[in-house]
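Sharing a structure here in structure tokens format.
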Amino acid sequence: MSSRTDAPGVAAAPDNADVVTYREAIRLALDDAMAADDTVLLLGEDIAKAGGPFKTTVGLYDKYGADRVFDTPIAENGFCGIALGMALTGLRPVTEIMFSDFLPTAFDAIAMELPRWRFMSGGQTSAPVTVRASGGGGGRFGAQTSSTGESWFLQFYGLKVAVAGSPQGAYGLLRAAIAHNNPVVVFDHKAMHLRKGPLVRGDDRLAEVGKAVVARPGTDVTIVASLLMVHRSLEAAEALAGEGIEVEVIDISWLRPLDMETVAASVGRTGRLVIAEEQYHDGGWGASVISRLATAAAPLAVPPAAVSMPEILISHSPPLEDAMIPSAERIADAVRSVCR
Amino acid sequence: MSSRTDAPGVAAAPDNADVVTYREAIRLALDDAMAADDTVLLLGEDIAKAGGPFKTTVGLYDKYGADRVFDTPIAENGFCGIALGMALTGLRPVTEIMFSDFLPTAFDAIAMELPRWRFMSGGQTSAPVTVRASGGGGGRFGAQTSSTGESWFLQFYGLKVAVAGSPQGAYGLLRAAIAHNNPVVVFDHKAMHLRKGPLVRGDDRLAEVGKAVVARPGTDVTIVASLLMVHRSLEAAEALAGEGIEVEVIDISWLRPLDMETVAASVGRTGRLVIAEEQYHDGGWGASVISRLATAAAPLAVPPAAVSMPEILISHSPPLEDAMIPSAERIADAVRSVCR
Amino acid sequence: MTAPPDAVLRTWLEQMILIRLAEDKVMEIYMQGLVPGTVHLCQGQEAASVGAIGALTGDDWLLCTYRGHHHALARGMDLEAFFAEIMGRDSGACRGMGGSSYVVDASLGMIGSPAIIGAGIPVATGAGMTARLRGEDRIAMCFFGDGACNIGAFHEALNMAQLWRSQVVFCIENNQYGEYTPFRDSTALPPEAPIAHRAAAYGMAHAVVDGQDVIAVHDMVAQARARAVAGDGPTLIEAQTYRYRGHSRTDPGAYRPPGELDAWKERDPIGILASGIGADGDLEALRERLQQEVDEAADRAAEGPWPTLDQARDYVFAD
Amino acid sequence: MTAPPDAVLRTWLEQMILIRLAEDKVMEIYMQGLVPGTVHLCQGQEAASVGAIGALTGDDWLLCTYRGHHHALARGMDLEAFFAEIMGRDSGACRGMGGSSYVVDASLGMIGSPAIIGAGIPVATGAGMTARLRGEDRIAMCFFGDGACNIGAFHEALNMAQLWRSQVVFCIENNQYGEYTPFRDSTALPPEAPIAHRAAAYGMAHAVVDGQDVIAVHDMVAQARARAVAGDGPTLIEAQTYRYRGHSRTDPGAYRPPGELDAWKERDPIGILASGIGADGDLEALRERLQQEVDEAADRAAEGPWPTLDQARDYVFAD
């Protein structure tokens, strides 16, 4: 079955692509991973019988049974620790954290235990755990349920971190994470759950760990973006094309390892860089990208720009949330500013 | 009483300075803050009757009593949440987390609750809580008790973060944090606890929130450093002075708010920047400083350099820990490289 | 305890009806697109909040949750400020910053209602410590759900509350479900034991109460409050109740066994009190009057201005 | 349970003496500057580890803590690898990466010993789930201290362990103190109740055992193990014991009431077993032989090479 989407900026789909929602891509990744490997199992709140608060596990409990899909108590730190114990003994658990903002309750298990036990043992053990979290604003959920959370683990070395910028990314990154022999946190964006795009499934469609994706090729400016910002950057790129500015959009896809090779190559060609991130600048991956380029003396024609969130917390009030989260317009303006 | 220390690189002490250890400066700050304001109270493990695992509260239980100094159970998230409740109702609690690596167990309280409740209430409440943590390597304590942790909260906007680079800093930052009407996390460095330096106490010696300190003036290169790296940078500066390179060392002191004014002014004069940080580069304050300068088109003569930890976890084994934590030599080499 | 005077019972009846109507109104204006985000409604749980809050003094502090509309209204929050907050307006109780999950009025002692499960439990313990340290006749009243009893914060806070004799009263509103999961599927307990039994782990006083009976809830909380201010320690109260609606706006509640909702509705808290005090005949008129108040408040709220980003910036940090 | 055969008891006696001598040796080489960092010693707690581990099969998993030397040695860790690890050498059990706090040998089923209090409790629960899901005759044995019973991870893990019938046995080594604080000052409990009582909050089986009596510990763990593999759920066992040394290397233990240490030493676990099996007369010879083993192993360990940063880099990520 082949089809196409006309969503703005979606890269041309291969002929064998289905068109599915981002959320369905997540569900399919879990389904395919469970089918491919019977050590894969799922833990999370209301994910079994009810199919998940975000419907990312619909049908999996019926298909794989109570020994592979677990409804947990509200105890994120506990069940991520349990996942570590399962992983150390041969299973490959995937935990669902629901909103990214609930991750802090589980920081000990995720940031301090999962990535360090193998090292402390001198390589005797390993911890193939995938932690999934849905983040991001736009839902008018307020300050404690709107963070993307994507850069929270950057200073906790040992964790790999993926961010899904499209249905194909959601599928491929999640499958890659589950197949990976080390702990990975995979972030998706709630506001993209119902967004459609082409998807090709299969055991050969795992994303390459640490590899960014060029979501749109261009010659004049490089935008590096994550999650919803990939989509907004593609929108901006489309508008700018009308003004004669050809933008290359990189879906960074992995925050650790960070694919500086792809970024540097692109910037080497365009000489201009804009970061688009739904997070504060300080302490985020965008600042890291800029700093790495700066210390490596990357040849930029003009200073780089970063489109980030203003330093305010996220309000429930719609006009304020809209003013906080970078829009396609703000991204386009930043591109124009580096082209001046 | 006046005296001087001959520790390398310690700035000239005012005449009325005592010479005390960094750890004693922390204790004196707590003592003076408690004497000045009877709403200040302390919570932490083994800090009351036993005077604290790091001896930062010796004598305070005897002096201020069981209603102001609390031995807590091992329940960091719980007692930081308790501190929030005390603060919302008129007290000014200080919590001691012992090792920075224990902070992740309390991330929900510290990163998600403390800094957000005031905002969500539309400014109706406030949360004057100080969280103290001792971090850093060199003690051969291994991967779960050696992190500085200093940049872990950068992406959690709403928290202010201070880092003490000297006894005077330890005193002034902690007193400023306690007097401040918003939550502040104050980091100190375990390897500095027994290091001595000049200290002037008093209610007028509170650090200014968000103000960096020039620990040594210089004209050729700017080093921006935190915690133990301030000391190592001063050592490096001394060695480099012998080679004719005059280094300005900035003790960044606050990671949020970040004093870009002081940094930019210094870099504006020297044209050369080296970051010295006992942490990974990605997601850290050093990358943020470099990125902020880059996006602001700061006029650097050469690309900036960052001396950070290699991307490995911290081992218990002494030669490896020494190889991980930036030395004065590595810092000096970086300075030489930007002077070439 | 002697039964509360009739006038008090009438007030409680009014409050419960007001809450019921206000919650229905929230749903109505939600469907009209006036409420951004999601909402967690409490129809069916009115007695737990009204009875408990009826046992408090004006000085007492309250810690609530994202399912907190009933607490706010039982505590006397201005109706327009309530609706305006849920609509994200500058005229809202929290200037539109909090929304449905965070409808608090600090002048009424409501100091927080976090969206993070369990996060309020230590905070209430801390507020109760302030009262104890200052020797005040004051408590912190802490509401949370059955699901919250499984997270670490519950355990850590209850231990310290008991250890330090914090002046706090904990109230589990056990509405039978955490999201879509029946509480016994997520909460290990001895067979038949109530969740309140967990307090015994800390040597803490505990009790189970019929959460549909506002008088019973009131009695229990009043006793617990007295115990707390006397320095005899906190109490964990489990009010057994039910939410008529789904977990949040999008949840149809398909996981409920057939007949369960109807069975609970037969023990509707408003009905129980009304017939208990012989006020069945007055219900219609009461409802009419309160409906008008609710409608007018919601209408006024919908006229409220939006906050600005500069205002929001000011709310982050205190001076 | 019938008493274990004499040969087994002799092995336990040897193991306990070996642990005691090894710990004394650690202190000795620490003072010589051979041990980087700090150490948490376990003299006095030998029976809890030897008895419990004696009840396990070779397939069982172990989760320990930073106070884990006795577990490692009771499980049969190679003595040289043990000392070399504590000295940070490449020849150590964890290639020098873990140090005193993290002396594990995965080939012996030791899968972790975190420095973070409570962190191992969920992990053990997860390992026990692996056994249950695979239907294996296997458990996870989880050791932790009295202080760990107050952190959230304890609560969250015990609830899930019971809910899901994880094949895990939890053993509190209650050595009376968490750092410098007596456990009753940090642990709210009903008067006189042991910590193990907290299991009742989850409807979990629990028991208190004399932690100085290796046979009693063994019996209790053997029963709990059988219950776990039969699918009847986990058990929380509290082994009441004492650490003769301070919390860590720098702690002189000044907070102990006078006479307390001596009173416990009268119930020394080695002494109790030795006189129980009439082996008092053999102790001297046994000690001599084991001391030689210990000394030689420590000497060999001190010759071990340092690891390199490139090696360390390889340990972060699996392929």
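The letters A, B, C and D name the chains in turn, as written, and every chain counts its residues from 1.
As a convention for this text, contacts are C-beta pairs under 8 Å (C-beta built on N, C-alpha and C of every residue); 3 or more make two chains touch, one makes a residue touch a chain.
Fair warning: this is a prediction, and the values are worked out from it, not measured in the lab.
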Steps needed, at minimum, to get from chain C to chain D via touching chains? 1
Can you check how far apart chain B and chain C are, centre to centre, with Cα atoms defining each centre and the answer in Å? 41
Chain centre separation in whole Å, for chain C relative to chain A (CA means): 36
Per-residue overlap in chain B, given as positions that touch at least 2 other chains: 72-73, 75, 77-78, 101, 104-105, 108, 112, 119-120, 142-144, 157-158, 311-313, 315
Chain C touches at least 2 other chains through residues 96-98, 102, 114, 116, 150-153, 155-156, 159-160, 163, 185-187, 312, 315-316
Line, ring, star, complete or other: which one describes how these chains touch? complete
With touch defined as at the start, can you tell me which chain A residues reach chain B in the complex? 77, 101, 104-105, 107-108, 111-112, 115-116, 119-120, 142-144, 151-152, 154-158, 256, 258, 279-288, 290-297, 303-306, 311-313, 315
Okay, in this complex, where on chain C does chain D touch? 150-156, 158-160, 162-163, 185-191, 193, 197-198, 200-204
Counting only contacts in the complex, chain C reaches chain A at residues 36-38, 88-89, 96-102, 114-118, 147-148, 150-153, 178-181, 185-187, 255, 306-309, 312-313, 315-316
In the complex, go through chain C and note every residue touching chain B. 61, 63, 92-98, 102, 104-107, 111-112, 114, 116, 119, 121-131, 133, 140, 152-153, 155-157, 159-160, 163-164, 312, 314-319
Which bits of chain B are touching chain D when the two form their complex? 45-46, 49-50, 53, 71-78, 101-102, 104-105, 139-145, 310-313, 315-320, 323-324
